[in-house]
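Next come two complexes built around chain A: one with chain B, the other with chain C.
Then we have the complex of A and B:
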């Protein structure tokens, strides 16, 4: 054997057209992420270190933030609201999810449907509904003459709980479904009591699911702007504080400072959630036996009553919204009318059409970018893969308000060529798709990881270019996920308020922002009517999606269902 | 004409791990070469370097005299079959086979004719419209083979093609792959960790260990004349007996017994060495032979393996030496050995291979 030293690096591959194309695509994706994720976020950081004239002032803004009690209290308020809502929501959601997965109560399908309602509405709709019922002029307040004082902490927590419930229930249902019946058989064979089984088998099994639900709810609530805006009154949280500084006082540097501080808890919750989720996968093995709940009259009845109460509460919110949009003057004059659907305060249906257009564009472009981006990161390994992955998952930790402010700094900077985008619908589409980019990107990555890594190698050996295999094999195989991604983009884009509230301009109003503006202007009936429209559009698209999925399933059935 | 494949001093490292050190190999036209070794020996890395899926740090890859060392896989002209089949699940068997033909600008009729020909070749003419999920593992592997051969490449690469199949299917597919390879007469490199598979299929075997090629030879050579102790132990069953060199050249001592060995290594008296003999080469009943190399051993275990029985024996001495001996069913009946019995046996000098001490 020769003792010649082996060179450290492999030989370079000769240049060829496919490699050049692949690098060009990766460069394009990197440019997109740099321009619309990295650069705007850096803008927020640098602005938080400058004064109003753009001079570097170090940590002076932060010092002023923490030294001004009126502003600093927004931190403790935000933490209090988010923690309180998280505890309440996860407990409520756990029992609800338990009832859906571990009991034989009647009507589980209906309960599953009703709990998902809040997904279709902007968060502030919950707030508006609570005001209609418990507000100074609310239905119950007038009937009973008792004012619960809904404006502030109480109202925010109550409305946010309803807003966050479906997200927590989804996670906990998934966690509770992934149970191994053999563990329960073993527990009963060993003579464990029902309580002991719950504590030693059920809870450890869903531990990570519960933690994940906590972090998701916490992030949702601490970054939410709509609910505290409409029901918070004088109770200021960080998301509304950014809005007040930027819109109310035109104090952009303080807006940036609050934004950076808000990034910390939001980003922490996201990072911990990612770490926790990674563990959840290992719990279920291929040999697990699915658990089938046994009938138990007492438990099932109790859970049925519980679910009826929770689902009834949610249904009541949406009924109040629907009813108030169809009567002359809630709660004084209940004569039916459709006049609130004329939207004369915001200039008719422009906002609705804008919303649909922006959401549809975000769905199409976002799906293409997320899937192609995941493909480039996952299947075309280069030195850039790692950094591109980090940039792709970064948006999930950026609160909408912060993203919106970052886009103002980036696209409304004097003398910048990027200004062409400001005030257009395009910037709203971009903010939608960046804001909701991470979940589709990760879903696409997971779908791609499930595909045989040798597909690309086989294609290359057959002389078939990679883009042809991407189109002929990769995309068809991931079609169900791709359709789901586009729905995710569309529904979220329809209801999001936080980033958009900074970016709408005359002519590019969006429906969710219009709800806020009409509510601000005191036209609550029109705000309710607009909310009803947003929910209706969401439902219609969800229905369309169900039909589309049936088509996709039929098309893909031939190769997914083995008929050996 | 230049050889089908020529690997010249290939070296590859992953970080500080040396995966391949100075591996050279030539594959002749129509030859079936098996690269055999335990997992992590570098055999798959070698195949992937030939395929261009991995790039070597040093050395050259030549296909038919053409230097492809720096070319991407698509410009190397080979077909490959992976352990996982990697069939496209959303395409039927016929579309999978046609996949590499469609980009070549062939017309429909020509593609259809070629697909028919290949389905015939792998004996699956009635499965053209089935999706991979509707085929058994063995059928999927045959479709993968047909897909690899469809564009008439000048080299076939097989990466553990049989490992994912159950034992019975594996045996049948060995013959099938080998006979297809013979009919198409395509030079082939197959990677496997299964020595039986390599012995049964290969024209030549390349035995690898720790990134180094230990021996290249015909199955018969590798089995009968292992060049290193590693090859001796990895290919087939082998008894390994520690010994010391005797004063007489060609003799070794095990305990107090002097044994006459095969010619080869000559070491100074008393040097440690290793003797190796296959279980089927141990001869029971020393009487029939010359007095040379006869011993008495005790039976400590019997393992019935169908066609033959493996006797576990110990040779007496200060340090008891273990020895396996395979006895055909008929012969065992004659000897009538039971556990605890003492048996006379002979270790033929021609079968006693000598290696440096392990």
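Then we have the complex of A and C:
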């Protein structure tokens, strides 16, 4: 059914006004993406082809970059760290996720909770904790007298592993949950051994999940600079190299050059991941039987011990951070004190409020944009839909530091009207929401795809304008996803460092950046205290979300229960 | 949803409110955080009509940021940044000469010779080693007494020093070595020192704080952090190298930004008042106006312990020295 089926004039005129509105909204969304995604990225690329004075120099910067052995070694270092961490993390996460989904071990809820802890903290917190425990004068080093030599490759890989674990576990739990019990019944009926079943049934079922986890971890690690900054010692990686070139020496052309090089592995990982996802077939069909793990004493005990070790390690990290923020002088004087919470850095508690404000705004505006954007792309099919989709998923392949640098180029160019944004909280909000735009956009798209196009068709034929359908039908149906998106924006905005570190200005200090600067200045206890606050705020908001979600689900999702 | 929006609006208004009520002065500084907290109490009281917004980064970082923003200048005031860097700003034409009230009290050494001056100094700080006696016992390290001692093989992996590209302390240490030994010998010395260095840190205070926490044995830093860590009970011994410490002066200047310059001048006037000097003198061995007491644990007469710094040389050769240093040691 289409609008043409409606004969009378007034309705058609309304439809015209509606079409104009629709086009205006699409134009607005396109302008947003062009100005804050496409244009800044082009700026980075052009800058990498210019010298310090803005003259075109072709590939000269790249030649210089690869010809400087000290700088070029950061590429191999980055690849080594990212590959090592990916292997370690995915193996550890696989066993953990397996235990959560395929065993009957006790306390799975607690294990699920603890593994998520690193999501609530900036990455460098892991690094600080490792120094407190394994550093030259760390607790364990003092106690055992054995120094593992944590600074450098070892320390980075260890800390990054803990940082990336929750992301890998989330993906693998999802993959391992989608299992059809009939396959396992068949395997056992055919007399396959447990090992054989694992190799021929379990592994093939989760291979896309494993690949996805690999790519996510690889991208996270290669673009992270918090951990190598804190625990890298003299070992330099690409992300810290950009930081040093730009923040240290304000060498923007070299920063842009390293950025473009860093873009390659990160973008490749994303592209391959998308290709792999496309080949993902539906494992679960209407006739699937959910797999219920059988009790197996030995296996469950083994997995329980394993999970206790991993979760214990993570809990230990955060206990160490909490403890070190509350004692006078780690590890010499354990007298309790709250003095490290009296931040003497510029901004002090303003940084905390700024962070909350920026994260809240990013959550609200980002959710509106991502959901409305997905709606415009998915439900208002125009010639622009394809390009808009590409621009909307582009941010995921842009490392945060590259985005931050791109924003400096865009919003601090001489004579540009966009300069008004430079040095404001607004630019931080924008960088947060663009940096984390893709996942909410794709989630919203998926949610919209599940909704029958019939809603729009019926509304149109009844003369109901699309925005009313959107507001009265689409939004309420997708409300749980919408609330989840805002949580995603908020939590990420609270902990992200990479883009923000280039954009904070006097008056717009952020908590996560403060942690970095405090650690830079050697005020590690204050850095730990600030981290504790960030984690506490994240937890509080997560709790609020759980309560809100219960209300939202009751009010808008009654129909899902009724139909089941 | 509507409630969320109004919450967001309220947050924005709350965040912006103080900015409307007062004159905003944007100040770029490299002074230490813990000092700024102290000064802030004083200037907030003395200058109630100003909203002073501060960006604090290490010397090299704040200087680089200021230079990078020269076409869209953000800072109204430079406060407590190394004279070496300020000379570079002056030569690039980024500063507006201004004679703050009370300039006549400032010792001649502490000001730009031109009239009105482009910059006015406030304090002098110098390099010092922090030596952790507990770490020393564990690894049987003798106490170092000189720059020369730091290259001894026994200290391998125990020494941290600041990166001269980002840290003012790092740069003054490097230039004092180059000026004292001459360039050829100077770089030879730094090559030897590099073999013992565990890490080059971003800020000048971190090496001492790492030594104070026992994470490292020796931190090349500056005198005040050393004295402070010791006073707070860290097992630290402060060593002023026998060849003479490197030193630099920290100074203030008005930028060419132009806007809100009345407020900026008001801040600069405050920054050399006796009240401000009395506060600076809690942290530095020497301040611009004579007659203030020297903090406990610091040398009474710094002219006896420093190696004279040729500021013009330090400023003129900064880019070249840092490029050479980065080529040799930054990996």
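We adopt the following convention: the second predicted complex is superposed on the first by the 541 of 564 C-alpha atoms of A that agree within 3 Å, B and C clash if a C-alpha of one lies under 4 Å from a C-alpha of the other, contacts with A are read in each partner's own complex, and residues count from 1 in each chain.
The definition used in the following text is that a contact is a pair of C-beta atoms (placed from the backbone, for glycine too) under 8 Å apart; a residue touches a chain by one contact, two chains touch by 3 or more.
Since we're looking at a predicted model, the values are computed, not measured.
Applying the stated contact rule after C-alpha superposition, one finds that A:333 touches chain C and leaves chain B untouched. Within the superposed three-chain model, A:236 lies in touch with chain C and out of touch with chain B [touch as defined at top]. By the touch criterion defined above, A:300 reaches neither chain B nor chain C.
In the superposition on chain A, A:473 makes contact with chain B only, while chain C stays out of contact range. Between chain B and chain C, C touches the greater number of residues of chain A.
Chain B contributes residues 9, 11-13, 18, 21-22, 51-58, 69-76, 78-80, 82, 84, 86, 88-91, 99-100, 102-104, 131-136, 147-148, 150-151, 153, 157, 212 to its touches with chain A in the complex. Considering their complex, residues 70, 73, 131, 135-137, 151, 233-234, 236, 244, 247-250, 252, 329-333, 344-348, 353-354, 356-357, 360-361, 364, 412-415, 419, 422-423, 425, 505-507, 517-518, 520-524 of chain A touch chain C.
Chain A meets chain B in the complex at residues 1-2, 4, 6-14, 16, 18-19, 452, 454-455, 457-465, 468, 472-473, 476-477, 556, 558-564.
Those residues of chain C that touch chain A in the complex are listed here as 4-5, 7-8, 11-12, 15, 19, 26-28, 32-34, 36-37, 53-58, 60-61, 64-65, 67-69, 71-72, 74, 135, 163, 165-166, 197-203, 205-210, 212-216, 232-235, 322, 327, 330-331.
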